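Consider the two complexes below, in which chain A is the common component and chain B and chain C are the respective partners.
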Partner chain A sequence: MRAIGSSIPRVDAWKKVTGEALYPGDIEMPGMLHMKVLFAHRPHARIVHIDTSKAEAADGVVAVFTAKDVPVNEYGLLIRDQPVLCGPGSDKEGADIVRFVGDQVALVVAETAEQAQAALDLIDVTYEDLPVVSSVEEALAPDAPRVHAHRENNVLQAYRIRRGDIEEGFAQADVIVEETFRTGFQEHAYLQPEAGVAYVDEEGRVVVITAGQWTHEDREQIAHALGLPEDRVVVRYAAIGGAFGGREDMSVQIILALAAWHLHKRGIDRPVKIVWTREESIIGHHKRHAMVARARWGARRDGTLVAVQVDLTLDAGAYAYTSTKVLGNATLACVGPYEVPNVWVDTRAVYTNNLPSGAFRGFGGPQGHFVAENMMNRLAEALNMDPVELRMRNVLREGSLLPTQAPVPPGCTMPQVLERLALEAGWTWDAERGWQAPPPPEPTPPAPRPGLAALEATSPRRLRGRGLAIAYKNVGFSYGFVDECHATVELHGGAEIERVVVRHAGADVGQGAHTVMAQFAAEALDVPLERITLIVSHTAETDNSGSSSASRMTFMAGNAIKRAAEEALRLWREEEARPAVAHYRYIPRPTTPYDPETGRADPNITYGYVGQVAEVEVDPETGHVYLTRVITVDDVGRAVNPQQVEGQIEGAIAQAFGWTVMEDFQVEGGRVLTDRLSTYLIPTVQDVPEEMRSIIMEFPDPQGPYGARGMGEMPFIPLPPAIIAAVRQATGVWFNEIPLTPERVWRALQEKGTE
Partner chain B sequence: MKPPAFKYYAPSSVEEALALLAEHGYDAKILAGGQSLIPTMNFRLAQPGVLVDLNRVSELAFIRPADDGGLLIGAMTRHVQVETSDLVAQRLPLLHETMPFIAHPQIRNRGTYGGSISHADPAAELPAITVTHRGKIHLRSTRGSRWVDADDFFVGLFTTALEPDEMVVEIALPPLPPRTGWAFDEFSRRHGDFALVGVAAAVTLDPAGAVEDARLVFMGVGDRPMKGDTAVALLRGQVPSADLIEEAATRAAQEDIDPFGDVHASAAFRRHLAAVLAKRVLTRAVERANR
Partner chain C sequence: MTDLHTIRVTVNGTTYERTVEARMLLSDFIRHELGLTGTHVGCEHGVCGACTVLFDGQPVRSCLMFAVQADGHEIMTVEGLAPEGEMHPLQEAFHEAHALQCGFCTPGFLMTLKPFVETHPNPTEEEIRKAISGNLCRCTGYQHIIEAVKLAIKKIHHTDA
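What follows is the complex of A and B.
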C-alpha cells in the first residue's frame, strides 16, 4: 500500500481519544504558579495611573506586572503596533493607550488561579476615556479621532488594481450591475481556549509550551518583547485544539514568557500557567474582518465581462495583525476567478477601536468572493443567462492573465471544477443553448419532527432554492514574502532502514498535518508508516516551517520532507554514515508585491480551485434558513489522506454556514455583546446539512508534492454566495448582508411583501 | 469555574429529605437532575450552603396511571423516562410530543420533571405543558402536604409557590377531554437551544364543531408560562376557521405576552414568532380534534 492517497488513521487519534494527549490547559508541573490578565474592558482610553500595591499584598500573590516591566513593549506579526501591556512606564510611545476592550493592562501571578483572579479586582487603574472609533465609516470621516496618534489617518493599508480602461469597459457593457455588500465579524470558536505554561530551563532558556500556528514566529515575537536573543527562547506546542487562523497572532505567549523570566530573575524558578476563559478568548484574540464593499460590474449581452470595479473596506480593528495581507487577498479575490480586461479596484484596511481582525480560514478570500460571486449571480440574472454559462465564458483558464496581469500559475483547473460541479448538480449542456440549470426545487412541507405524525396539511410550505458559486484560493505566503519550509530526515538502522526520524516544526492544529508529514516520509522512502517517528513543533529541535496557515502546510512540508527524504535515501545508499541525515529547505517560486499604482503583481505561488452548489429551505413565516444539501467539488491536486481532506471540506462548510446564517458577532461602541458561546451561536452537528457530497478532483499541481495543492481554506469560500443565490431562488429576495438571521430574513420578506 | 464549598446530603427517603429542608431552610437547595443548578453554581450565580441530593430517593421516580385517566409523575422522573413512556404516549400525547424539544438527549438523560418545574425557567417546556394540562403539583414539608394548581405554582421569574422547607414530590396531569386536539411547537435559532418562543395548545370541540374550550400557553415571552386568554375568548363558541385562528393567535401575541429583546432577537420579532407559532399549534390542535 502506498502511503500517499490512503486514509490511514491519524497519528494523534489514539492519544486524543483516550485523553492521553495533553492540551496546554492540561499541563501540570510541580510548583506551578497561576496567572490572570487584567483586560482593559474599555475600547479607547489613556491609562493615567496604575496602583498595584493592594494586589501585590493580597493572599497568595507572588508578583504583579505592568507595562513598566516589559523590556520592549511592542509586538505584532507584521507591524509592531501593539503594546504587550498597556499603561505608563515603558519606553514605547503610545503604550499608555488602550485601543480595544481586549488590550492587556496587568498580569497577576499567584499560588492559585482563584487568588490571581481575586487580586485583579485590587488593581487600581485610572483611565481617561478617549473618543471611540466604532466603525470604518467613523474611522474614514475627515475629522475622525486617530486610533494610532502618530499616524496620519486611520488607513492602515490601501491597495489598488488598474487594468485596461475602466470607462471604455463600461461603455462596451450592455448590462451593468451595481451593489453594496456587507459581511460581519467571525469568531474562530476553537474548542480549546488560549492556554500555556512557561518556565526557565536549566540552560537559562525561557520555555513556552502553548498552542499556536508557527513556533518560530512565536519565538521571534517573544524574544523581541523580552529583549532576548532568539536562542534564549524555546517554543513548543502541546496538542492544539483548533486554530483556523485565530492562533496566528500572540495571545498568551509573550506574557507567559515575561512572567517566567521576571520570576527567574527574582530567584523564583517556578513554572507559570495561564488558561483563558471562553469570554477572555473571545475578546482576547482577533476576528475575521468585517467588510463593506461597493461593486459595479459590466458585461456584454453575450456574457463577456468587460468591466469590474470594486471599492472594498475591511475593519482592521485596533492593531495591524495580518490585516495588510488579508487585504491583499481580498483585493485579488473581489474580482473572482475570472479574466477581465478592465479592472479598477480600490481597497483599504482601516484602524478602529473594535477587536483587531486578522487571519481566519480563507484570509480575505471569503469577503472578496462574496462580492465577486454575488455580482456574477446578479449579472447572470440581469443577462437572463444561466450562471454556469456566464461563468464558463469568463473563468480563468490555463494561461489566463490574473487581474494583476501575471499569468495564472500552471495547473489552473477552474473550468474543469466548474464543469464537474454543474454536471453533479444536474445541469445539462447542449451546443445550441449551452449550460442549462435543472428546474428549481419545489417548495416542500417541513420534514416531520421526531415522534410526530406528518402534518402536511397544516404546516406552511417551506420555500426551496438552489445556488452556485466558485472560488480559488492561494496556497502559501504571497505578494513577495519569501516563503520557506525546513525539514530534516534521519535514517537509522543497519542493513535496512529500521527507523526514520522526521524533524519538522509545522503545527498540527487539528487538521492532521503531522499524519500527512509521516505519509510523505513513508512514501518517499518506501518504508512502512510504523517506522516513522516525528519530532515536531519544537524550536530547539526543528527549523522554521512557516505557519500552519494559507493552506500551505501540506504543500510546503510535503515538498520539504519529500526532498529531504530523497536526499537522505541517496546518502543511505551512497555513504557509510549512520544515521543518514539530510536537511532540506524548500523555497517555492518567488512572488511579487502589488505595484502601488497599477497593482501589477505575480501574487501567489499557486492555487486550489473549488465550486459548490447549496440547496436551502426557507420558512417564510419565521425567516429561518435551513441549509439542506451541499455539493462541493474541490481540486486538491492529490488527496494525501482522503479522509482528512473530507474532514477539512465538511468542517469548512459548517464554518461557512455559520458565518453566512447563524454566527452574529455583535459589537456596540467597541464593546462586544456576544462574548460567550450562549450569545455567539455556532452551528452544532444538528444544524449542518444532512447531505454534504464531496467530490474530490485530483489534477496534479506541477509545484505540489506528488501533485498536492493546499485545500484547508477553499471549501469555505464559495458557500456564502451560493447560499445567497439559493435564498434568492427560494424567496425572490437578494440579500447583500450576512448573517441571514431569521429576523433579518423575515424583515426583508416583509418589505418585499409590502412593496 | 467550580462552585464554592457547600455541605452535601444524600437522603434516601422523602422523610429524610424533608427533615434536612426543615433544618436548613433558605440555606438549602435541592439537587435533582442538576442540569440548571450545577451550571448556576459553577458560575457562582447560586451559592447554596447546603445541597440536598434527591438522586437516591427512588420512591420519587415513577409514572403511574391516575383514576381520572391522566398520570401521576414523580418529581425525580427523568425526562428520558417521560419521553419513552408508553403510558405518557397513550394518555398524554401533548406531553409526549413536547419531550423531544427539551434541550439535548444528554440533558434529558439527567433532567427531571420536578427539577424543571421547581426551577421555573419561563423559557422551559415543562412549566408551560403543566399549565396547559391544568396540572396539580404535590408539595410536601415536615409541616404537611398540599396540592397547588399549576396556575398558582408559577409565580414569576424562577419563582414558585414553594416555601423554603417544601419540595415537589409529584405532579398530577389530568388527561385532555374527549374531542380535544393538541399541539406544541417552538422556535430556536439553533437546535436544542432555549427557544425564543414556544407555544402549547389544546382545543376541545363540541359535537357541532364549535370550540367548547381552548388552552394556549406561551413560553419564553414573559416571566412565567403566559396564558393566551385573549385567543381563548375569541375562539370559544366559534367554529374555528383559518381566519379566526389567525386573528386569535395575533391578538394573543399582542395582548397576552411580554417578550424581551436581546442579542438573539428583538422583542418585536419574538412577538411575531409567538403569533406564527400560536397560529400553527392552534390549527394543528383543531385538526386533531376533528379527527
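What follows is the complex of A and C.
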C-alpha cells in the first residue's frame, strides 16, 4: 500500500480517544504555580497609576507583574505595536494606553488559581478614559481620535490595484451593477481555550509549553519581549485543540515566559501555569475582520467582464496582528477568480478600539470573494444569463493574467472545477444555449425540526433555493514574504532501514499535519508507516517550519520532507551512512509585494480551486435559514490522506455556514456582548447540512509534493455567496449583509411583503 | 471562609474519599483532585459538552455539577472506557472513521454516546443527530462523527454483519 493517497488513521487518534493526549491545560508539574491576567475591560483609556500592594500581600500570592517588569514591552507578528502589559513604568512609548478590552494590565502568580483570581480584585488601577473609536467609519472621519497617537491617522495599511482604464471599461459595459456589502466579525471558537506552562530548565532556558501555530515565531516574539537571545527560549506544543488562525498571534506565550523568567531570577524555580476561561479566550484573541465594501462591476451583454471597481475596508481593531497580509489577500480576492482588463481596487485596514482582527481560515479570501461572487451572481441576473455561463466566460485559465498583471501560476484548474460542479449540481450544456441551470427547487411542506413544533403547525411552506459560487485560495506566504520550511530525516538500521526519525517543527492544530508528515516520509522512503518516528513542534529539536496557516503545511512540509528523505536515502545507499541524516530547507518560488501605485505583483506561490452549490430552505414565518444540501468540488492536487481532506472540507463548510447564518459577534462601543458560547452560537450537528456531496479533484500542482496543493481554507470561501444566491432564489430578496440571523431575514421578508 | 465536605465517589471503578470545598466543581474534582485530564473543559457553563461524564450511567456535564453532588455515586470518565486497554467499540469507530481532528471535544462525545450506542441498535440518522446535538465540535463539521456512530453501532450490535 502506498502511503500517499491512503486514509490512514491519525497518528494521535488513539491518544485522543482515550483521554491520554495532553493539551496545554492538562499539564501538571511538581510545585506548579498558577497565573491569572488582569484584563483592561476598557476599550480606550490611559492608565495613570497601578497599585499592586494589596494583591501582593494577599493569601497565596507569590508575585504580581506589570508593565514595568517587561524588559522590551512590545510585540506583534508583523508590526510590534502592542504592549505585552499596558501601564506606566516601561520604556515603550504609548504602553500606558489600553486600546481594547482585552489588553492585559497585570499578572498575578499564586499558589492556586483561585488565589490568583481573588487577588486580581485587589489591584487598584486608575484609568482615564479616552474617546472610543468603535467603527471603521468613525476611524476614518477627519477629526477621528487616533488609536495609536504617534500615527498620522488610523489607516494601518492601504493597497490599490490599477489595471487598464476603468472609465473606458465602464463605457464599454452594457450592464453595470453597484452594491455595498458588509460582513461581521467571527470568533474562532476552537474548543480548547488558551493555556500553557512555563519554567526555566537546568540549562537556564525559558521553556514554554503551549498550543500555537508556529513554534519558531512564538520563540522570536518571546525572546524579543524578554530581551533574551532566541537560544535561551524553547517553545514546545502540547496537543493543540483547534486553531483556524486564532493561535497565530500571541496570547499566553509571552506572559508565561515573563513570569517564569522573573520568578527564576528571584530564586523561585517553580513552573507557572495559566488556563484561560472561555470569556478570556474570546476577548483575549483576535477575530475575523469585519468588512464593508462598495463594488461597481460592468459587463458586456455577452457576459464579458470589462470593469471591476471595489473599495474595501477591514476593521483591524486595536493592533496590527496579521491585518496587512489579510488585507493583501482581500485586495486580490475581491476581484474573484476572473480575468478582467480594467480593474480599480482601493482597500484599507483601519485601526479601531475593537478587538484586534487577524488570521482566520481564508485570511481575507472569504471577505473578498463575498464581494466578487455576490457581484457575479448579481450581474448574471442583470444580464439574464446563467451564473455558470457568465463565470465560464471570464474565469481564470492556464496562462491568464491576474488583476496584479502576473500570470496565474501553472496548474490553474478553475474552469475544470466549475464545470464539474455545474454537472454534479444538474446544470446542462449545449452549443446553442450554453450552460443552463436546473429548475429551482419547489417549496416543500416543512420537515420536522426539534424545538420548533409549535411554529411548524402554523407555518405554510418552506421556501427553497439553490445558489452557486467559486473561489481560489493561495497556498503559502504571499507578497514577497520569504517562505521556508525545514525538515530533517534520519535513517537508522543496518542492512535495512529499521527506524526513520523525521524532525519537523510544523504544528498539528487538528488538521492532521503530523499524520501527513509521516505519510510523506513513508512514501519517499518506501518504508511502512510504523517505522516512522516524528519529533515535532519543539524549537530545540527542530528547525523553522513556518506556520500552520495559509493552507501551506502539507505543501511546504511535504516538499521539505520528501527532499530530505530522498537525500537521506541517497546517503544510505551511495555512502552507506549509518545513520543516514539529511536536512533540507525548502524555499518555494519567490513572490513580490504590491507596487504601491499600480498594485502590480506576482502575489502568490500557487492556488487551490474550489466551487460550491448550496441549497437552502427559508422559513418565512421565523426567518430561519436552513442549509440542507451542499455540493463541494475541491481541486486539492493530490489527496495525501483522503479522509483528512474530507474532514477539512466538512469542517470548513460548517464554519462558513456559521459565519454566513448563525455567528453574530456583537460589539458595542468596543465592548463585546457575546463573550461566551451561550451568547455566541456556533453550529451544532442540527445546523450542518443533511446532505454533503464532496467531490475531490486531483489535478497535480506542478510545485506540489506528489502534486498536492494546500486545501484547508478554500472550502470555506464560496459557501457564503452561494447561500446568499440560494436565499435570493428562495425568497426573492438579495442580502448584502451577513450573518443572516432570523431577525434580519424576517425583517427583510416583511419589507418585501409590504412593498 | 471555606466549607469542607468529605465525599466518597467511585470513579472508573475505584472509590476515592476526598475532602473538598463545597463549591468545587465536579469537573475540577475529576481533573485536579484525581488527575483524570481526559475530561476537558471548554466553556465552563454547560454549552459545549466537552466535560461530559457518566453519572450513574447517564451523561452529565461535569462543569455544571459540584463534586459534593457526586457523593455516593458512580462516575465514569473517558479513561474508564478502556480500563484494560481494550478499546470500546466507540473508540475504535472514532479512530477508524476519522471522527476527530483536534480531539478536544472527543471525550465529551464518547461519554455522551456510550449509553446511546449501547441501547440503540437501529437508530435513525435524526436520532443520532439528536443524541449529539448538545456537543460542540468546531473541526469536523460532524459528518464523520455521525459515520463513527453508525460504525460503533455496527460493531456493538451487528458483529456478524
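Basically, the second predicted complex is superposed on the first by the 743 of 755 C-alpha atoms of A that agree within 3 Å, B and C clash if a C-alpha of one lies under 4 Å from a C-alpha of the other, contacts with A are read in each partner's own complex, and residues count from 1 in each chain.
One rule holds for everything that comes next: contacts are C-beta pairs under 8 Å (C-beta built on N, C-alpha and C of every residue); 3 or more make two chains touch, one makes a residue touch a chain.
Please read all numbers here as calculations on a predicted model, not as lab measurements.
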Touching A:673, do we find chain B (first), chain C (second), both, or neither?
-> first
Partner chain in contact with A:241 - chain B first, chain C second, else both or neither | second
Check the residue A:621 against both partner chains and state whether it touches chain B (first), chain C (second), both, or neither.
-> first
Classify the contacts of A:192 with the two partner chains as first (chain B alone), second (chain C alone), both, or neither.
-> second
When the two structures are overlaid on chain A, which partner does A:384 contact: first (chain B), second (chain C), both, or neither?
-> neither
For A:684, decide between first (touching chain B), second (touching chain C), both and neither.
-> both
Counting residues of chain A touched by each of chain B and chain C, the higher count belongs to C
In the superposed view, which residues of chain A touch chain B and also chain C?
-> 450, 684, 686
Can you name the residues of chain B that touch chain A in the complex?
-> 96-97, 99-100, 187, 189-193, 262-266, 269, 272-273, 276, 280, 283-284, 287
Tell me, which parts of chain A touch chain B in their complex?
-> 449-452, 455, 457-460, 621-622, 624, 662, 664, 666, 673-674, 679, 681, 683-684, 686-687, 741-743, 746
Mind pulling up the chain A residues that touch chain C in the complex?
-> 7, 9-10, 12-14, 16-23, 25-26, 28, 188-193, 239-244, 277-278, 450, 509-512, 643-644, 646-647, 649-655, 676-678, 682, 684-686, 688, 690, 692
In the complex, go through chain C and note every residue touching chain A.
-> 31, 35-45, 47-48, 50, 77-79, 81-82, 87, 90-91, 94-96, 98, 100-107, 110, 125, 129-130, 132-146
